[in-house]
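In this document, chain identifiers A, B, C and D correspond to the written order of the chains, with residue numbering beginning at 1 in each.
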Amino acid sequence: MSDYILYPGCSMETGARAYYDSLKAISKPIGLNLKEIDDWNCCGATEYFGISKTPAYALIARNLALAAEQAANGTRKVVAPCSACYLNLAKADHYMREQPKLGRQVNEALAAGNLSYKPGSLDIHHLLDVIIYDIGLDVVEKNVVRPLKGVRVAPYLGCMVPRPDYDHRWSDHDLPVELDMLLKTLGADVVDYPLKTECCGGHMPQISPATAFEMLRRLISVADERDTDVMTTICPMCQLNIDGYQGEMNGFFGTNYHMPILFFTQLMGLAFGIDPKELGFGLELVSARNVLDAIGVKAPPETPPAPPRRPRKPEGLPMPTPLANPQIETLKKEVTK
Amino acid sequence: MTEALTISSTPVSDPKQIEDLTLLKEVASRTAGVSNLEMCIQCGTCGGSCPSAVEMEDTPRRLFAMLRAGMREEALKSNTPWICVSCYHCVVRCPQNIHIPDVMYTLKTMAVDAKLVQDSTAPDFSQTFVDMVEDYGRSFEIGLASRHYLKHFPLRLTNMVPMGMGMLSKKRMNLTPTRIKNMKQLKAILKRAKELEAEQ
Amino acid sequence: MTENMIENTSSNDGQEKIGVYVCHCGTNIAGVVDVVQVAEWAAKYLKHRGVVIAREYKFMCSSLGQELIEKDIKELGLNRVIVAACSPHLHEKTFRTACANAGLNPFLCEMVSIREQVSWVHTDKAAATAKAKAMISGGVERVRHHVPLEPMTVPINPATLIVGGGIAGIQSALEIADAGFHVYLVEREPSIGGHMAQFDKTFPTLDCSACILTPKMVDVGSHPNITLLTWSEVEKVEGYVGSFTVTVRKKARKVDEELCTGCGICQEKCPKKVIDNVFEAGLGYRKAVYTPFPQAVPNFPVIDVPNCTYYEKGTCKACEIFCAPKAIVFDQQDQILTLKVGNIILATGYDLFDARRMTNYGYGRLPNVFTSLEMERLFNAAGPTNGNVVLRDGKTTPQSVGIIHCVGSRDKNFNNYCSVICCMQSLKFAHLVHERTGATVYNFYIDIRAAFKDYDEFYQRVLEEGTLFVRGKVAEVSDVPRVESEKGKLIIQVEDTLIGKQRRIPVDMVILSAGLEPRKDSKETARTFGISCSANGWFTEKHPKLDPVATMTEGIYIAGCAQGPKDIPASVAQGAAAAARVLGKIEQKAVALEPIRASVVEERCSGCRICNGLCPFNAITFHEDRMVTEINPALCQGCGTCVAACPAGAITGTGFSNDQIMAQIEGLMMLNVEPEPVAA
Amino acid sequence: MCSGRLDPTFVFKALASGADGVMITGCHPGECHYIEQNYKALRRIQLMRRTLQGFGLEPGRIRLVWASAAEGNRFASEVAAFVEEVRALGPLHWGKNGNVPSIAAPAAIQKEEVPA
């Protein structure tokens, strides 16, 4: 069992309830022991920075201070499932270190609430990072009892986890492979989705709907063109925008997309054989019923794998071999084990 | 030494602008972390990478040139920071490691302070969001959405009905806000933080 | 208390007559340090330490400044000189020569760096002035313990080793060989020629690269004064200027060079096709037994052991069967050669920046994104497409092409320097694409850097041809269309910074002008040869402006891109310059070594041998018969490690003796300064 | 002079002459101009810090910094940081009020017998 301090973030209890439910459901099988920060507060999302700097960082740092107190008798690893929450915690920790003046001011503010936080004393991770690099794909694979065979899943990470990536944890800033590897481990048919780290629009549906709808259209249309059954994400905001605003976007452009989007933890739970109800299925506005149909209700008949084709003689000019990335190689080894 | 040179050797006809040669520094010093703003080489990687650049009056690069030129009013009036979606594409690609979204946050705060915001939709949304957080310690979507949409997008409310009803019926929105236990502590921290911010 | 001890050791018991010269260096020093005050202070407060004169002057290194020192030596009988100015790296030689001209042993002159170590790093004028005084005080105390030294001379072996057979190394080799001296040219690949042999045309004249290079290669191959060692690498370098001993591994070619006629039948018959990642930049194929290109020098093939079917399975031997002179030798072993040379030139070249690292440009993922080196091969009539510019499918001619500058250069995420050649190379590509395909060509640049002769004129020419220039560093190359017109194209997304708007430009082909990087193993090479390299990995020259071909290690010179990115004319010029420096050294016949050496006072040596294992240059030998240690002054490089380690204090280091350093520390701490006189 | 030339006596001499801290700089490990002598300096510095502790002094008064000629900025910040640290330790007062511990009469000792 690996112990982590959990910072759920506001949306896990409301808009992204499916994320929270499915996270709870998969934690036990993969040995993830989560202890919630007691009395945590909102991280301020991307909104507070634009109002006032020091209060914005003090707001985040209260959570860090509370977590550090909790960390005193155990793990110093904090895990956040929400991308914005993860980035804000990581950013506050990073900038308090990079700019000692900010660190001092934030601590002065915290002192008003009898708290303090020494930057660098916690290790802040996003949930996906923990599952891939701490728990390991081998552990995930052991739990797969109902592979997501034949389900075409587009991996969508959104922006704030692989970027700015203060600690250089991700295999790439534009096209990281971590989520693809996880989905492959679950047996899914992973769509080559080139927009996997493009922005979902964030708060733009509230600020400039036209901008937001255009960004959503790009994401959904490319997924649709590539025969995606379901998109999967690691961020509540991405899920809300693609799921919640898809109808309004369809109205705006006169399109008729039906592109469900689920949290990656829901797909993990499904592959682990957990009851879809426990995983928050049905909470999505664009129904992902098709995913269940594909694997549960009407399981596709086993087709024997096609015999390996003889490699054709190269036509045209050879392509450069992909750049050796030790991070990806290790992951690949884990998957094939 | 170099600062003195810059100021004395720059021919500026408008006396107001002499003061504003400090604008770039002011923005940098009000930004969290080390912004590297003075390092911009005007290559345009940021504006090229930006998913919402089309909506911006000025690309980030152009905005930084305006800061450098001391065009305080024009820079703070620009809608650019309010269009930034904080996707960090520009940050990881910037050849000079400039913390662009953080500079955008700073410009937002400066624009609000200077009362130079053109379209209040975005700042109002942020302020409403922050108000809720300051009251409850948590965000409160339905309160936020209803207040915000009534003010800025009253006509969109009809389009929003299916989504809103869906969210409510699936219990993805709470009708009442959640409040953290130690609100007193959070308020004390934020009060002190605001004082510190004002002192700067 | 300790003072007496020191004074009695080697200083001349108050006989020192020291002159102190403080330089303004224009405003470089005088802008921060109160130079006049420093000189006055030295004259007054260090008088009892032997300072008889202290002067300040605008530029001490000028001939007038030097004359000032020479005059004082002659007229005032100075026997020690302190020059407080820039770093000794720059002008130690200048002032030592000036002293020698006036009849003073040059090693009685000491420099104190009050520019690099004081004025350039401080802003507080008063504190900087105080620091300058302390440093001069340290210098004065130190120079009191200096003794006259005589440099040792060693003969120079007239043979020269050149490492790297690209254009820079070729030029150096020919210059020296033509002057009548022997050259060993070591090249790691099977043929000389380097990157230049891969290019199609050279900017700005559009000469055919091979046409101007191959005659030089042939000259090298047939020159009686050049021993050409290709498919070879230097493993070890010992010795010092004048007499280096170099160990070279001549890798087994598996081909007997005595017997091979270079007929090429083995390549023809070899059934194994391999992607050629070196010469064809991964865009073409070669056989498992191959010469990299038809004009290769020497023209003997090599067998690529890891890819050869015979070594893998024990069968095949097609090459051996068809080789008439029986030159294939499957069990040939590596040879270790020992070369004796007097000087060494390193011209090891560069590696191309690996464009796969910039994932946002899609190289390696999007088929029609090409690197600059791939393009050179595409343009080349002897290349994989016979000079046809086509897409990766091998047949389609592009209708529109985007050329991206500064790939991996001027970018703190990759290389922070400018790679110098990419602007001109990109302009050349624009011209060639026009000429070969008539396609629409876009160039995406941050700045056009077309300095040097006829370069900007070439830019004008390319403009005239209708190339579309977009000023902006490209953000990404994508294959995801947003509108109908983008379908099936590569979309270059960029801010056109002259308009201030984001543009998406669909093209058929993207060319990445990748930057130049130091060789992957450049740091290792630097270690082997005992020279230094920058943090990036480029070899460091002795002086960036005034000595750009020498290194800090006597007798080792650098040329071409190993020192930093440069184009062909600059590489040739530097290759020739390095050769000229070597020829100058050879003509001297002997070289004076810095007399900064360690030596053992035999009477004090207890024979403990602690020092024996410390010397990295094997300069220390132990005489079993006498039970004492001896240091070979020619091998000793003067690092001083043994001096510090000797428990008996039996080893002394000239130029850095314990007395000198101890005295300098006291001086720095201002322990010997005349106390402020009581008002009288 | 290579950092390998560093005789521990030099450091104690500086402290005894009134310095409050001593910074030793050299090329990065693996990049020694004299091949590997900076490793020897490293060993001696560890010894010196222990000796300093033996005197009842803070080992923080000696700092080793590896810096190449290309790292001007880092070097400057290391110097600044060291000055602050030594300032926090306070003045040493050796060599000033004749307050030199008998054990540190380095110049006298080194003349005849330098401890290894």
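Here is the rule we go by: a contact is a pair of C-beta atoms (placed from the backbone, for glycine too) under 8 Å apart; a residue touches a chain by one contact, two chains touch by 3 or more.
Being a predicted model, the structure only gives us computed values, none of them experimental.
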| item | value |
| --- | --- |
| Chain at the geometric heart of the assembly (C-alpha centres) | C |
| Euclidean distance of C-alpha centroids - chain B vs chain C, Å | 47 |
| Geometric centre distance via CA averages, chain D-chain C, whole Å | 32 |
| Whole-Å separation of chain centres (CA-atom averages), chain A against chain D | 51 |
| Numbers and ranges of chain D residues touching at least 2 other chains | none |
| Residues of chain C engaged with two or more neighbouring chains | 360, 476 |
| Sites on chain B at which at least two other chains make contact | 54, 89, 92-93 |
| Chain pairs that touch, as defined at the top of this document | A-B, A-C, B-C, C-D |
| Touching residues on chain C, where the partner in the complex is chain B | 123, 360, 410-413, 446, 471-476, 493-497, 500-502 |
| Partner chain C, residues of chain B touching it in the complex | 1, 41-50, 53-54, 58-59, 61-62, 89, 92-93, 95-97 |
| Contact set on chain A toward chain C in their complex | 172-175, 194-195, 218, 222, 315-323 |
| Contact set on chain C toward chain A in their complex | 275, 282-285, 354, 356-357, 359-360, 363-365, 367, 371, 384-385, 390-395, 476, 478-480, 482 |
| Footprint of chain B on chain A - complex, ascending | 10-11, 13-17, 39-42, 44-59, 62, 91, 94-95, 98-99, 102, 105-106, 108-115, 159-160, 163-165, 173, 198-199, 201-204, 206-211, 215, 244-245, 247-248, 251, 282-283, 285 |
